[in-house]
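Structure record follows, encoded as structure tokens.
In order of appearance the chains are A, B, C and D, and numbering begins at 1 in each one.
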Amino acid sequence: MFLAFAVFGLLGLMLIFMNKFLGPSRPNPTKDKPFECGSPYLRDEINPFPIKFYLVAFIFLLFDIEVVFFFPWALIFKEMLASALIVMLAYLFVLVVGFIYAWRKGAFEWE
Amino acid sequence: MLGGKALSSGSEKRSGLSEMKKKQGPPAQFITTQFNSILGWARKYSLFQYPFITACCGMEYMSAACAHFDLDRFGAGWTRFSPRQADMLLVVGTVTQKLAPVLRTVYEQMTDPKWVVAFGTCTVSGGIYDNYAVVQGIDLVIPVDVYIPGCPPRPETVLDGLLKLQEKIQHQEQEWRWKKRKP
Amino acid sequence: MTRIQKEARPDTMLLNMGPSHPAMHGTIRIMLELDGERILNSEVEVGYLHRGFEKTCENRTYFNLLIYTDRLNYVSPLINNLGYAMTIEKMLGVEVPERAQYIRVIMSELSRISDHLTCLAAMAMESGAFTVFLYKMKAREFIWDVIEQTTGARMTTSYIRIGGVRADLHADFDTVLKTAIVETRKVLKDIHGLLDKNKIFLNRTRDIAVMTPEDALAFGWTGPCLRSTGVYYDVRKAHPYLTYDRLNFEVPLGERGDNFDRYMVRMKEMDQSLRIIEQAAQRLQKTPAGVLAQAFEPAEAIKASRLKRIKGGVNLSPNLEGSERDKYPGILSADKSYVIPPKDDTYTTMEGLISHFKFFMKGNGIRPPRGEVYFSVEGGNGELGYYIVSDGSDRPFRLHLRAPCFHIVAALEQLIRGRYVADVIPTFGSMNMIGGELDR
Amino acid sequence: MEEKKTLDLLKQTFPAVVKEASTNLGDDVVIIDREGLLGLANFLINKPHEYTMLLDLTCVDFLGQKPRFEMVYHLFSLPQNKRLRIKARLEENDLRIASLTSLWKNADWLEREVFDMFGVNFEGHPDLRRIFMYDCFEGHPLRKDYPLRKRQPCIKFRE
């Protein structure tokens, strides 16, 4: 068991760092700039992008973490008393209130 | 073999290896040359190409890269459309004066080690377009390793050019990160 | 400072879909003003493959310009040759024999099929269907085999000459043509199965970049893109040239003028082209089939002609230019002053040598009368027109090419306004922009 | 003689503008004075004639002749299935002509090409800039007096 971990761990690490060791690095000013099909950049400063993307990403993160807590709970759901159900419902209730608040506030409108 | 032969420029075929042999002592020399040829072998058979296609040779490149005359048999079939992941810049078709800055930017943004293959007579010497609009040969813009003649070159000539490049990579003095580079 | 930088709002993203982009065929730069994924405004910049074709035309003789016409629309080179040769024949008033006309019809239809195959292959690959790309390239290899065995080159053929064609068809032309037709039909059937009802392809191309017939005419659209909007205009039917009036074929029309219709019109046009080729190949049998000349080096011909006058004519290797004199009446026009003198005469008789030398001498050769002419053929993308002004010398005074895809790409900015970035790729693919023809 | 009719019709309705009308190798050719272009185009695009498509627009440089440049327009009428060629001579010192972008949309790019290659400026063109050549290119390449091989590279070459 241990041997498998050692061999494949070593192989994984080697593959990751072999590139860093073998690749010759010759930095030059153009290489550091982003690649835009080779044509000159249209904006000198950083390209702005609309705020609604950040909002959606943040809300997704929030509710994704919420779902993660369900997994361990669901595993041991069979052996637990009814009280665990009430605890999880309370936890769920708090987040549903947040969800409705975000909905009302119009965080999900896209246009 | 049909058509003209591909010609690799400045092919220091044997010179790269022989210099190295003289420098170190016997045991160290054996290790570095072995390591060098292993590295050359590895790089030779996994060339990721960046097809910088502009004109009619692109049609011939399509045939050369597709099922009939397969580039993939020599390990160079995988086309990467970003210079960060490509080893070989395949300049295909006429490069005009307006496109020259784009070509130089793409070349400089490619990661090392990198090679350039000039595909078709227009890239080698401006071809039949000797006028105000065309760069007479892309070696005015970027250093070129292998020149493939033909307008457009037959797919067999393209494969021959690829083999010449692989031979050059194999016998080249390889580079790696902490190697003491020549002054 | 490009136009879009001046017009752009400060809070939008300006993105380059630049020349060296896999979907931009390497020669077009689209500058997009984006609000997230939606395109507010765009500017198309062309000219990355402007190779000075029209300026070069003023410094080359009519005969030497043939090789430049292959590289215009390099996906269907024979149609460019045809347009150029027929424009000069119209100016000279040269009559091309019937067998050469049928060979020209077959060759330009083969070239049209390879044009549509390459265009749809690129469009499908850029929107994700890589297998379609490989299938079409396989079919195109068969088409190119036929073209290579008759003209000698896979793509840059310059086979259609002023006054006829360069050489007659070789002996086993029919077998090669039959395999090509069978293979192409098989591939077309596969592609219909793969793409016609494919949900992903339909979502990406149905009702996207819709072009109304009035707008299409205002932009001067011609060819498959115009027919996809439902307007019935095909140069082969409107101004019939060669023997198109004796061959029956339909002209497929689209209904809504969106990307899918442009794809479907091209697919149906390939079936029609195959029908034309079969009809023309049948009629070709009736005209006298020439015999393939046995290889016989020119040096021996010259040595033999010194000893005694050659009576029965000389057999020269077929790839020698103009080597089949006995088949000349079939493939080249009778008007001697505009056609390369046959090699049999050049190597064996004094008059032949003089006429050969005079044809290629500076100042002689093909000299159309002073004046101008405009003639157009149905190219892969639309009406490919040549406007030649000649001043009597052997070089064109001015040659202007009406590039069909120059007008089609001019409408790109209007088509992609308000759409998503992902819609630019199938729209641009269905337009079949060819750099050599667009930027000349 | 159906097409004789359109040529004569044009002569009557635009006597001042149309200098000459003839057919050459099957195409109708109308030589007009530069000012009358817009009026003639408006007349042609509407109902009776419906020249709905501007096929082509180009310029020819007759170096040495007095009105040096000549603008050539090809119009095509779909219902009548006929082509018409309009030619207008331009003086070298004031290269001006009316722009047709208000009538046909592809005139925009065609006129930009003629401006780039010959230097003819079109009044009323929304955004007259070079289309083929790069910005740091001086001169107009398709003029007869521009040498064929005069290159103006916009980046420094290696050698």
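We adopt the following convention: a contact is a pair of C-beta atoms (placed from the backbone, for glycine too) under 8 Å apart; a residue touches a chain by one contact, two chains touch by 3 or more.
Remember, predicted model here, so these are calculated numbers, not experimental data.
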By that same contact rule, can you tell me which chains touch subunit C and subunit D alike? B
Of the other chains, whose C-alpha centre is the longest way from the centre of subunit A? D
Report the inter-chain centroid distance for subunit A and subunit D in whole angstrom, where each centroid is the mean of the CA atoms. 59
Roughly how far is subunit B from subunit D, centre to centre by C-alpha average, rounded to an integer in Å? 46
Approximately how many whole Å separate the CA-defined centres of subunit A and subunit C? 51
When the centre of a chain is set as the mean of its C-alpha atoms, what distance in Å lies between subunit A and subunit B? 39
Which residues of subunit A are in contact with two or more other chains? 37-39
Within subunit B, the set of residues that touch 2 or more other chains is 98, 101-103, 106, 131-133
In subunit D, residues with contacts to at least two other chains: 132-134, 141, 146, 148
What's the complete list of touching chain pairs for this entry? A-B, A-C, B-C, B-D, C-D
Within their complex, subunit A touches subunit C through residues 36-39, 41-43, 47-50, 52-53
Give every residue of subunit D touching subunit C within the complex, in rising order. 24-25, 27, 52-56, 58, 60-61, 72, 74, 78, 81, 83, 85, 104-106, 108-110, 113, 117, 127, 129-134, 141-142, 144, 146, 148
The residues of subunit A that touch subunit B in their complex are 20-26, 28, 30-31, 33, 35, 37-40
If you look only at subunit C, which of its residues touch subunit D in the complex? 3, 46-47, 50, 52, 54-56, 58-59, 90-91, 215, 217-220, 222, 231, 233, 238-239, 371-374, 376, 383, 385, 387, 389, 397-398, 400, 402, 406-407, 410-411, 414, 439
Contacting residues of subunit B [partner subunit C, same complex]: 51-56, 58-60, 62-63, 66-68, 81, 93-94, 96, 98-99, 102-103, 106, 128-129, 131-134, 151-152, 154
